[in-house]
Structures are given as C-alpha cells and as structure tokens.
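Read the structure below first, then the notes.
Order of writing sets the labels: A, B and C. Residues in every chain begin at 1.
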Amino acid sequence: MTVGAGARRGGATRGALAAALVVAAPVALGVAYSTAGALGLAGAGAQGFTTERVARVLGERAVWAGVAWTAWVAAAATALAVAAAVLVAVAFRGAGRMDRVARALAVVPLPIPHIVAAATGVLILGQSGLLSRLGAALGLVHAPQDMPALVYDQWGLGLILSLAWKELPFLALVAMSLLATRGAALEEAAQTLGASRWATLARVTWPVLWRGLLPAAIAVFTFAFGSYEAAALLAPSHPLALPLLTLERYTDTDLARRGDAHVLTLLGLAAGAALVALHEWARARWEEP
Amino acid sequence: MTERRPRVAEVGRDPPAAGGPPPNDTIAPSGAEGGTPSSRAAPKVRGPQSPRRLARPFGRAVLVAALALSAVVPFALLALWSVSRQWFYPALLPPELTGESWRAVVGGGAALSRAAVASLVLAALTGALGCALALPVGRALDRLGGWRRHLGAAAAFLPVAAPPVAVGTGLQFFLLTLGLGGTALGVLLAHLVPAVGYLSLYFLGVFSAFDARVEEEARTLGATPLQVLRAVTAPMLRRQIAEAFALGFLISWAQVALTLLVGGGAVRTLPLEVFAYVRSGQDRFAATGALLLAVPPLVALAAVRLAARRTEVVPA
Amino acid sequence: MVSAAEVAAMPWDSVVGRARGTSVTWLMWRGDPSINAYVDGWVAPRLRREYGVTLTAVDAQGAQILNQLVVEREAGRVPGTASLLWINGETFANLRKERLLAGPWSGRLPNAAFVDSASPIIARDFEQDPAGYESPWGAVQFALIYDSARTPAPPRTFAELRDWIRAHPGRFTHDQQFAGVTFLKALMYAEGGGVARFQGGFDSTRYAEGSARVWAWLDATRPYFWRQGKAYPQGVAELHRLFANGEVDFTMSNNQNEVVTKVRQGIFPPTARALLLRDGTIANAHFLGIPFNAPNPAGAMVVANFLLSPEAQLEKQKPDVWADGTVLALPRLPPEWRSRFEHLEQDPRQLPRDSLAKYARPEVAPEYHERIQADWRARVREGGT
C-alpha cells in the first residue's frame, strides 16, 4: 500500500459515512418534520406543543387494526412469493430447454411497475373479473356474489396475490443464484458422501436457501408494507391499510385531524427503520465472508 | 471439504425489481442465474442437475404452464380491455371493439402520450443522475468496515425501505418551501431519494467484488482520482453502470405515491394517469396506459437477456 | 402580485387585457371523462382563441384542494400554483374559514347578470352566502341509478328501498365520498322529518336526532348491503363499475344526468335509468373560486366569466357533452339564447324537469355534511367489524 494510506483511510471513512448520511437525509428531515407535526409544533392545525394527539392516535383501534392488517398482507405476500420462488428455483435449476424457458417466464414480472400488476389484479380477480367470468362460463358460479371475494376483502387475498406475483421474480433470481453458487458446492459434497435426494434437499439445500433468502425476504416485506397504489386499488375499507389511512388523514378537511397523519407517518418511518435494521442484521449474520 | 467457489468480478445479472428490494450482492456475488453457465468466468462445475430432477416431469410441465399463464394472461387481458366497449360480466369477450383509447394516444396532445413523455424524461434523468451520485457513494461505503459499513448500508437502504407515503409527506413540505412543489424538478428530486439509496447499495455490492488493484496501479503511475474514475474504473464497470441506469430508470418509471404527493396533481406521469383512470372507472384508458407502462421495461429486459446470452461461454 | 380584489375593482376591459397571453391552472375533479372532454376539448381551445388564455386543468378535489392551499400557505408559497378552483359546500366553508379564498370578485363578471340569483339552489352554497367569493358554474340533483332490465320495479322511497335491500341481499351499497355522503344526507332529511328541520344553520341537537335515525336505518339494512356492509367502494366511479358488471343493482350520482353520458360512453348498460326518491333528493350547485395566492387572478376571472356565458352553459348542458344543469336564468337571457336553451335536445333517459323540481331539496349547513361523514367513518366503517 502507498504511504499515507492510513490517513487517507481515516478521511475516507468520515467521507463515506457523511455520504451515506446525505443519502438518508431526506428521511431524517421527514422524521423531524413529522415529529414536530405530531407534537403540534408544525403543520396545519398546529396549536402548540401537545402530546395529546400522539396519545389519541396511538389509542385508536382503527390505527392498530390498519398496521396489523398491513403487516399481515406483507407477511403473507412475502411467504407466498418465497415459497413459489424456491419451488421455481429448485425445479428448474438445470440447463435444459424447459428450465431456461421456465426461468425466463418467472422473470417476466420483474420490471413491470406495480400499478400495472394492481390494475390487472382488479380486472382478473374482481367478483366480476376474468376468473369469475371463466367460472360462469364453466357453470361453476352463476352470479358475481357466488365468486369468493378477492378484492376489497377482509383478508386482502387479491392484494396478497398481486404483491406476490410482482415480487416472485426477484426472490427467484436470488434463490437461483444461491443454488448455483453456495448450494451447488455443498450439495455435491453431500452427494459424494452418499446422501439421498430428499436428505440433500432438506439438510443442505433448504438451509442454504432460507439463510440466503432471508435478507431478500425482509426487503420484500418492507416494500409490500409500504406499498400504496396496490392497496389503493385492491384493499378493503376496513381495516384500512396504513399508507391509505395516512393519506386519508393527511387530506382530511378537518384540519385538526390532519395532524394525525404526522403520527401515522412516524409509525410508517419507524417500521421502515426497524425493517432496515433487521435486514442489515440478517445480511451481517449470513453474508458470505 | 466444501469447495469454495471463486468470487467473480463480473456481475452478469438481470435488473431486480423496480422500486423494490436491493440486489444484495454481498450474499449472491456472482449472480449468474441457475445452471446456465453464461457469463461465468469461473471454472464450470455442474451442480446437481439432470439425474436429480426433484419434481416429476408432469409436475414440472404444470409449473411451466402456470408460469406461462401468469406471465402472458395479464398482458393479453390488458390488450383486450384497451379496445373493448360495453364489456360487462359475464361476457368472456367484448361485444364491441373501439380503438378510441389508442387513437387518443397516437393523436398528439392526449393525456397519455404527454404523461408517457414526462415519465420517460424523468426516468432517464433519475437513472443518469442516480448513477452519477451513487457510484462514488457506493465506492466510499465499500471502504468502510465493521459496524460503520453496516450503518452506511442501512442509511442507504432507509430511503428505499421507508413507505413512500411517509417519505412523500415530508418531502412535499420541504420542496414547497424551496418553491419546487408541483414542478417537474421537485418530482425529479423526490424520485432521486429512493433511487440514490438503492443504487448506492447496488454499487456497494459492485465494489465489494471489484478488484481495485488496477486503480491503484493507475494511481501509482500518477493519475488523479478523477482521471482514474473516468479512464480506468468507469470502462471496467460499463455493464454495471448500464444496469444501475436501468434500475434507477425503473424506480422512477414506476413511482406513484411520491409523484402524487410532491407533484400535487400538476406533474402527470404515466403511472399516475393509469392510477387515476382505474380510480375513475375508465378501464379502457387505464388498460392502454398500463400497456404503455409495461411494454418498454419488458423490451429492455428481453434486450438485456439476449445481450447476456450472446456473451455466453460455451453452454453445457 | 396583484390581488383578486384589486383586479375585480378594475374595469372589465383591463381585466381581459391583463389576462391575454397568460395561463391559468385550474384545480378540478378529473374523474369524469365527459367533463374532461368538455374542458380540454371545447373550453380550452376557445379560451385560447378568443382571450389568449391557456387553461391547464389539474386533478384535485375537495380535501386535496384544501390540503394543497394549506400546505402552500404553511410553506409561504405566494404566489401559489393554481388560480382557479372547482369547489362547493364544505370545501367552500373550510376555505372561507381558513381565509384561503380571494374575493369578492364574482359579482364583477359581466355574465353574472344572467345568473339565476333568485333560485335558492344557486344563491346559496350549502346555506352559505357565496358573498362574491365564488361564482356559480352548474346545478345538479342527486339521483339513484338502476338497470331497468334487471330491476323493472325499483323502490321509490327510502322505506321501499330498505325493504328492497332486505329482499335482495348483497345488491346495494354506497361509496365513501361525495355521492355516498349525499345519499346519507338525503336519508337524514327523509328519516328526520323533512329538510325544514335541518335548515337555518347547524344545530347539534337536531344533528344528533337526525343522525341517530340514519344509524338506525343503516343498522337495520347494512347486514344486507354488498359485502354485508363491511366494505365500501372508495369513490363513486368504483361503485359504477360494480353496477355495470352486475355486482350491485344500484349506483348513484350527484348529477341526475350522469346516466345519459355514461351510457353514451359505453360505461353503463343501455338499459340504465335514473331514479328520484319520492322522499326528496338533494339539489345543489357547484362553483368556481380563486385562491388567496393565485398567480393569475385576472386570467381566472376571464375563465370564470367564459364558463358562465350562455354559449358555454348551453354546450355543457347538452346530453352528449356533460348534461350539467345551467345556473343561468332563462328569462334574463337574450331571446335567441333563451330559445336555444328551451329547444335543447333532451335524451329520453333524462328525468322530466317537473319531477326534478318537485323532489328537489336544498343543501343545509356544511357542518351536517362533515359531521355525518366523520361519524359514518367512525361508527360504521371502523366500528362495524
């Protein structure tokens, strides 16, 4: 190494951290503004310092129902996408024609904007959508209400499917990459030691996969948790997903209630920060040395 | 006992989800997909493959069919819906066709075509500026070690992970005070917030697999850091920079919540128009807009994959 | 920056002169393609040709308009972005209360002389006096919409509607925004003993009594709503989609003629019809306002005046354009315009004028609207699970 590298490195460290903080600065500013707004110091309808608003909003059933519902949808979508991604990666890891075609097909939703997935979800999964019409043509259902509700429904099934469809390609790519690199070497070793196909799968492949997929899955969960446009088109009116609830309060004609949106924004930012920390921890724990 | 696969400097990977999770290079460094040995400089080792098919051929065929349906049906449906009229339940095919929404696109001055142009410009600028800003940040982050590295990576991920609605409300206020509320420049800045974060993480991954010795040699020969960047680093990372541009482009291309909050309804991008059309029940125009929104990224994806295939080493 | 009040004090010719070559940003609801086509395809070109004003419509309604102006004022944005606003009712009340509107100015428009200021629907906006802070633009009446092929004998009163809903579970609902809240208000008038009880400003006791009846009616009927009353479409456009596809048998609209334009666009089946409930339906007018930080008040006034002209009002009323009622008093118009209005083509699906007049009920104070919306959210939407 050249002379002065140590001093350069010290400066580089400070510069690097500063750069990272600049990247995160808009969020930090948002936190500051929302905190001020939540405490009544800033924003429309601000009437001076008060913790009453924070207490009231955090005590509302609708708020926690919304947070829980959003978390449920994000978790279910992530789990579904992970399961499907693992299935696709494991089933089509060869070099044959079918494998290549399957992998290419699995990757198609990757660059599609989520609004397209959500809009198509409305057209396909609605009670008068494509699936329902196919059902009617086959004589399985006779009226829209015979079809199970997948849109604006209490469990958010349509939203879950739409999110999972969109996130599958990313997770499949990560899984495929894992299988090709870490997985391949370990599996071969297991095979040479005489392990059966299923034992290899359970004892070697799956552990490699879930550890490697965990950071990606957390990232997918994070994205699903904060998604606005899909929820706006597919989610029910109660429990109202957190991004929708935030926007509804933010544009409330009653200016006093508008401050509630700041508290909800802080909830969303806190969730984001927690998930980022979790993601980084998972990467640190299982990243390749 | 376990054979450690050598780390590969070339990252030949397709762009991950737009506006979605980061590529996580540090756990999947060589990123080459599946068993395809393409773009892999490492010695070709066959993983457990042909004789170890885990699913029976019938199961695989079913899966492929399912994948094909899920990939094709949405677009076929959108195409049909974009030209349909009076297409109500339970009709499987539209009783009347109309080219109204597509004519509106081609005939200039239509909301959709204006929005498409606005989206293209914003996305291209986001990709270019995002790349330019994130590359030095990513490289700087790579020089960190230990807890600082994790803090830096977390800080870069935060603007991507935070819900856009939450980030957007704060951004709206600050951009308004700067006089940029409802302007294209304000929306561009808003789009750059997640883009630079995401791309910083991407470049962190790139540089962690990057062999810096060539750069150091150039430095010892007397080149300034800027010259090194321009003449040595950038050409070596041409492919990664192109990928990063594509990622930044897609992040901006798909944005809804940030544009809505910061643009204040005045800056009409394509996803915003599609959103508004679906919300107002104009399904014909929504479907047309959705196709306009989806097709360019798909074409780009296909082009990238074809390009990757062409650089393929002799297949298995 | 010249304020709207100053511009209003100028002679009209100088206002027009100031507006020439400028552009006006108009915050308006863009959720209806017929309205968009009228504004973008008919109004905007004529404004450019005759007055040199470039009109840009931006999507924002009610709460969003209020929000934008509030945030702009908080951030010190003067001048702001929009010069013209499409508002009425509680939006107007809130904007006035927060002093976000400029004025008075509407009386200075030359075409204001033609306005039907004697009509209680137009002279008052949710019982408030516009006082020159907003200029009337159109008048509509609330109506239910049904499909005569599916529902040959629709209910005609709220009581009959309740019986019909119970007999046809899952086939009725209302939306969460303006049309749905108007439905609830009409229900409140009907169940609460008539609109006269609620007139004369907001009275919380009367509100409590009236809303209690509304909740009672809803509690009896909600389990038979679409999705058992647990989910409600966000806006009226989503309700229209449910109706057109046969998921529900009724939709509703604040404009009794929306059924005409939607059938012509192919969004409703051709057998769709409008229905007035005999208990009375709410008729109201919608208006144009100028924000306090408007960058171009002169241009906004020119646009508002043009929109008030007999030419623009006639075009707007045509069934194949928007079918929005006019705010002009026909007797005050020059004879050739008057005869054109009277001979305007009527679509057979339009409701006869005397029925409309017979069942029209005016709006009451905006606090009723806000309270019933907020209480519905808290009590019905969130309390319902």
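We adopt the following convention: a residue touches a chain if its C-beta (ideal position, glycine included) is under 8 Å from a C-beta of that chain, and two chains touch if they have at least 3 such contacts.
No experiment lies behind these values; they were computed from the predicted model shown.
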{"item": "Contact graph of the chains (line, ring, star, complete, other)", "value": "complete"}
{"item": "Among all chain pairs, the one with the most C-beta contacts", "value": "A-B"}
{"item": "Of all other chains, the one whose Cα centre sits farthest from subunit B", "value": "C"}
{"item": "Centroid spacing, where centroids are CA-atom means, of subunit B and subunit C in whole angstrom", "value": "42"}
{"item": "Distance from the mean Cα position of subunit B to that of subunit A, given in whole angstrom", "value": "16"}
{"item": "Numbers and ranges of subunit C residues touching at least 2 other chains", "value": "64, 71, 74, 234, 245-247"}
{"item": "For subunit A, residues that touch 2 or more chains besides their own", "value": "128, 144, 232, 250"}
{"item": "Overlap residues in subunit B, where contacts from two or more other chains coincide", "value": "88-90, 173, 279, 283"}
{"item": "Of all residues in subunit B, those that touch subunit C in their complex", "value": "85-86, 88-90, 96, 98, 172-173, 176-177, 179, 181-182, 264-266, 276, 279-283, 285"}
{"item": "Residues of subunit A touching subunit C in the complex", "value": "42-44, 61-62, 65, 126-128, 143-145, 149, 152-154, 232, 236-239, 250-255, 258"}
{"item": "Touching residues on subunit B, where the partner in the complex is subunit A", "value": "1-5, 13-22, 24, 26-37, 45, 47-50, 52-55, 59-61, 63-64, 67-68, 70-71, 73-74, 77-78, 81, 88-92, 136-137, 140-141, 143-144, 148, 150-159, 161-167, 169-171, 173-174, 193, 196-197, 200, 216, 219-220, 250, 253-254, 256-257, 271, 274-275, 278-279, 283, 286-287, 290, 293-294, 297-298, 300-301, 305, 315-316"}
{"item": "Touching residues on subunit C, where the partner in the complex is subunit B", "value": "25, 27, 30-33, 56, 58-60, 64, 68, 71-72, 74-77, 81, 234-235, 237-238, 240-241, 244-247, 266-267, 269"}
{"item": "Residue ranges of subunit C in contact with subunit A within the complex", "value": "62-64, 66-67, 70-71, 74, 90-91, 94, 98, 170, 176, 227, 230-234, 242, 245-247, 370, 374, 381-382, 384-385"}
